[in-house]
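One structure, pasted below without further comment.
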Amino acid sequence: MSDIKSSHTTQPRKSVSAKQVFKLFMVPVLMFGFGFALVPLYDVFCEITGLNGKTGRVEASVVNQKEVDSSRLVKVKFLANSGNGLPWNFEPVIQEMEVHPGQIYEAMYRVSSKSDKNTVGQAVPSVSPVQASVHFNKTECFCFSKQELAARETRDMPLRFVINHDLPKDIVELTLSYTFFNIEQTKS
Amino acid sequence: MISSRLLRRFFAPVLAFLSFISMSSAHADYELNMTQGVTPISHQIYDLHMIVLWICVIIGIGVFGAMAYSIMKHRKSKGAVAAEFHESTTVEIIWTLVPLAILIAIAVPATATLIDLEDTSEADINIQVNGIQWKWRYNYIDEGVEFISALAESSRTNGQSGVADPTGNENYLLEVDKPIVVPVKKKIRFLFTSDDVIHAWWVPELAVKQDAVPGFINDSWAYIEEPGVYRGQCAELCGKDHGFMPIVVNAVSEQEYQEWLVAMKAEAAAVAASADKEFSMEELVAKGESVYAANCAACHGPTGAGVPPVFPAITGSSVATGDISDHIDIIMNGKTGTAMQAFKTQISDVDIASVVTFQRNSLGNTVGDMVQPSKIKSLR
Amino acid sequence: MIAIEKDQQEEVLRIILTPNRSISWPLLVKFYLFTCGVSFSIAMLFAFLGYWMVIPFSGLEMMVLGGGLYVTCRKVYRQEVISVDNDHIKLEKGCISVDESWQFDRHWARISIEEIKNFRKTSSLKIGSHGNFVEVGSFLNESEKETLAFELNQSIISSDFLRRVG
Amino acid sequence: MSTATTHDEHHEHGPATGLMRWVTTTNHKDIGTLYLWLSFIMLLTGGAMAMVIRAELFQPGLQLVDPNFFNSMTTMHGLIMVFGAIMPAFVGLANWLIPMMIGAPDMALPRMNNWSFWILPFAFTMLASTLFMEGGAPAFGWTFYAPLSTTFAPDTTDFFIFAVHLMGISSVMGAINVIATILNMRAPGMTLMKMPLFVWTWLITAYLLIAVMPVLAGAVTMMLTDRHFGTSFFDAAGGGDPVMFQHIFWFFGHPEVYIMILPAFGIISAIIPTFARKPLFGYSSMVYASASIAILSFMVWAHHMFTTGMPVAGELYFMYATIMIAVPTGVKIFNWVATMWRGSMTFETPMLWALGFVVMFTIGGFSGLMLGVAPVDTQYHDTYFVVAHFHYVLVTGALYSIIAAFYYWVPKWTGNMYDEKLGKIHFWWSTISVNVLFFPQHFIGLAGMPRRIPDYALQFAEFNMISSIGGFAFGLAQVFFLYIVVKTIKGGEKATDKVWEGATGLEFEELPSPAPYHSFDEAPAVK
């Protein structure tokens, strides 16, 4: 590479302009800033897509009852767990149901506090098999907000749900499990 | 498929020699290969394992053979002169495509097995398995039978520290106090979740290994073909006593299974009934001592000294010497975010009452009050 | 690399010396933007799953990467320009702008090449006059230095310099 | 025409003297040396922890340590070996070799190079100090799965998080330096496709590091906020997902394991042609194979998580993608064998280590393929079979390549030949003991012994004892290695400039032995 290059062009230094460098610097700055803008966005996104194996929430009015697939029945089992630190008894009133995809059903869970004080819990749902979770939607659920129980209160909590008619055909049985966590204690 | 016998025959002299020189005190019942198991899935997995293993062995013989040949023949000391070639598109394409074809050949049976493995539908029996640091809670959902299964004391010569001599203990670390009993030739569906950290329920003969994740449920299934006792262990690091939470599955005939269910229900009723009895302080403290040793000593220490700050001391603790209802609450419901579990799902009313009384009146504490099992029962 | 420009209006010969640039600035910009794209896509993937804390780190990292590439690129974009006209030889060194400059009388100017006692027997080329010498093209390799010395000798000594320009 | 002037001074200055030389140095060779020594110290530290583990597992029963300390040992052993021994060793080799191989005067960003090294001793001091703190060192495994590492972890976890951050910063700075050097500072004529494979694989490695390190930094930061600031990224109670922690961790972790093996491929691709006296077979396919391994490494992370309850479709995808990696990896192995084929081989110590690498890394690759088959992974996962697999890949793979690199380049670094006889003893001692150490672990794993347990059932006793014996022997062999290293630095037969008869590359052809403190102030011309 020792050959001489004769050229009549202007000097090559002009290719590095301060403006371009500044623009390039803004790319990571924007990336950095965007991270903070995402905080409110991400909750919404997860809610819509039902990612993380969590079940979705829909408005009752949105559910189109005409799409009921009465040709098949799906068995739904209900499970209940209460996590550490919550003096609650928590159980499904009905152990299992057979449902048509597309139709809205109501199930009932019963929770009773054994504490002498007010206690607050948050239920977290989970569906097995995982691939069914995006097809499992609730129009009304005690898991949408935290539940506060007075001392020794027993409460029946309804759950209205619909399994989308597009549930894959090979899923004939699914299990819905709720775990109640003591969120007051966790955050203290 | 070639059994492990061949491998064993090959290694036996080596092993015998090594055992001899090492003067091993433990006795030999070693395995060299994966278990074939007792379920259709475990057989499929075993076959797949052997197929892939043999493919690897054959490829290995080819590669290492070529290498060995070239090391023997193409060495400078034998007068080998280096060739000049350094590429060949044909050869390179061949050794890209041939492995690709082999991999596809592996993927086909693997896909079939995986789909079978994940098909948990239409089970005859549903058992919920909860991992707890460091035991398992089983709940026969359809039967209402629920119990805790933990490492049996007999299986743990000294589980905490100091010198342990497991010699002669045939099921060292693999025996539980209450095994789960299941019928053979039924599709059993296991539903896994956890109360605290992630555990994994693994029984090799059943080819079931599934994580138990807090807040989530996973499932798996088994169809056991032969009656027998099948042992397994927790397979996901879950804290201090991860190595001490075995699993025992007792597969029996349908009839024996039904008898077992009846017995379990009767036992549960008897335990519940005992809660109504009145106990004296001495009775509770005496009983509490053994409950403490079985459930609390692992963390809080046999003398109540604990391992602060992770495991607080019982001796002089503000809980054990403070308000008794708070004390009961913490034992029954645990403490979120710590290793302190909710014992109401693990031990009976009598046990809770006695251990609370024990902790308040022993281990250096002298509060002087006590609690009756009937009070605990009312808190459930 | 040595580039020679002839400016006929001003009757100046310009020799531009640059170190070897193994990647050009536009290519480097493309590489950087691509890397930002990769890093950002990964961060976005997790952000959409709710784990947005990856983004600030990938942003910070890309800032450092950009800074690092910019600094190194400046190093290889340094230049030395030797302008020779009828009376003077001007030497300018710098990166984007001129940082240092020297001027010598053409008729008194000399160049010197001396061998450096090191393992590769490299040499150092200097230009100057009256005992005031400045090294030029320290980043050039041996054959380039020879060419440069030849060119400079031609420019300085040859009296038909202007004809050469023409 | 030329006039003599005052003598030039700047090409010849050597290193400053004293301790401050090492603290303030910006010379790539000094920093390379520092990295290599740090990694050797860490290898012995992590190795000592492995000895504790193997001693406890020598017999069934709990003899020496309590289970919590045992877990701390496995955790610290993993972290120290990955972040303290293997990675810094490769960065050290990169520092020493890349400028010499591409004809650059130094690394592109010398001052940053100094910082990226000096962060590490602080990071590891902090990590190791947790062993002496109240509550004990982190005991949740080097994979630190939530919630064991968040809600249920000791307070020392915060130190661990900070240490991981520092290691990440150091790695990123090192990677940026490598990228800037390779892109900008190649000598004239050193086109990309003429670069030695070590440089290529490091370029790809550095790119991987840059891509995944923010993920690790994000993961540990989210752990920190979960622990102290009330967020619930990984806490199911607040709507988080513990399994997502594993996804995030392995999205970092899987490329990380390739970060630890790609430079090894580069080293082996340098050594085998030298001692076979024949050019590397399929140079360009080696480059493409490395690149495709790197790309695939981003798409297979969840094969570490087949038992976490993924959807079947996910499991199938990750299984297919994982076993596909066998293709480019196979190409590499075949190319090395083809390089040896019809060569004129001699078997000096570096070649022995390289051959050991090829054989045993291939064994590790086979068990990797087996682990990739999802349904069978049900039985392998979290057993000693996995332990055997990744130790074959990382010890007889990555570590072997580093030792091979030491023997291969140390005459160039110090000007002294190592003692050939001792080198060969070191090789055979290590290779026999490492197989006694790890091969039986395949059997224990298949027989059903879970990993990370301090005590085990009796049917695993024989193989554990054999494995422990192998472990002690292998550990001792590395202390012997320390002796060889010191002996070589202190003196020995002088190496020729070319060192090896078949050696190629700028560092052997253009530089004397030992390589001067400033090698290529002026770029060499590459033909």
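First chain written, first letter: the chains are A, B, C and D, and each begins at residue 1.
One rule holds for everything that comes next: a contact is a pair of C-beta atoms (placed from the backbone, for glycine too) under 8 Å apart; a residue touches a chain by one contact, two chains touch by 3 or more.
Worth saying up front: this structure is predicted, and the values here are computed from it rather than measured.
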* Structure fact -> Joint neighbours (chain B and chain D) are A
* Return the chain pair with more inter-chain C-beta contacts, choosing between C-D and A-D. => C-D
* Asked: How many angstrom between the C-alpha centroids of chain D and chain C?
  -> 37
* **Centre-of-Cα separation between chain D and chain A, whole angstrom** => 39
* Structure fact -> Chain centres from averaged Cα atoms put chain A and chain C apart, in whole Å, by 57
* Asked: For chain A and chain B, what's the span in angstrom between their mean Cα positions?
  -> 30
* Asked: What are the residues of chain B that contact at least two other chains?
  -> 118, 196, 214-216, 218-219, 336-337
* Hey, what residues on chain A touch two or more of the other chains? -> 1-2, 52-53, 83, 124, 128-129, 179, 181-182, 186
* Residues within chain D bordering two or more other chains -> 151, 188, 236-237, 241, 243-244, 309, 312, 525
* Chains that touch, pairwise -> A-B, A-C, A-D, B-D, C-D
* **chain D to chain B touching residues, read off their complex** => 59-63, 66-68, 71, 134-136, 139-141, 145, 147-148, 151-152, 154-155, 236-237, 241-243, 276-285, 307-309, 312, 315-316, 319-320, 323-324, 326-327, 330-331, 333-335, 337-347, 355, 358-359, 362-363, 366-367, 369-370, 373-376, 378-379, 381-383, 443, 446-448, 450, 452-463, 465-466, 469
* To do: Name, in rising order, each residue of chain C that touches chain D in their complex.
  => 1, 19-23, 28, 31, 35, 38-39, 42-43, 46, 49-51, 53-58, 60-61, 64-65, 68-69, 71-73, 75-76, 110-114, 116-120, 122, 124, 126, 128, 131, 133, 135, 138-143, 153, 157
* **Of chain B, residues touching chain D in the complex** => 15, 18-19, 22, 24-35, 41, 44-45, 48-49, 52-53, 56, 59-60, 63-64, 66-67, 70-71, 74-77, 80-88, 91-92, 95-96, 99-100, 103, 106-107, 110-111, 113-115, 117-118, 133, 157-166, 169-174, 192, 196-198, 200, 202, 204, 207-211, 213-216, 218-219, 232-244, 307-310, 336-339
* Where on chain D is chain A touching in the complex? -> 151, 188-189, 230, 235-239, 241, 243-244, 309-313, 525
* **Complex interface listing, chain C residues touching chain A** => 1-6, 16, 18, 20, 24-26, 29, 32-33, 36, 39-40, 43, 47-50, 52-56, 58-63, 66, 70, 73-74, 77, 79, 81, 95-96, 141, 143-144, 146-147, 151
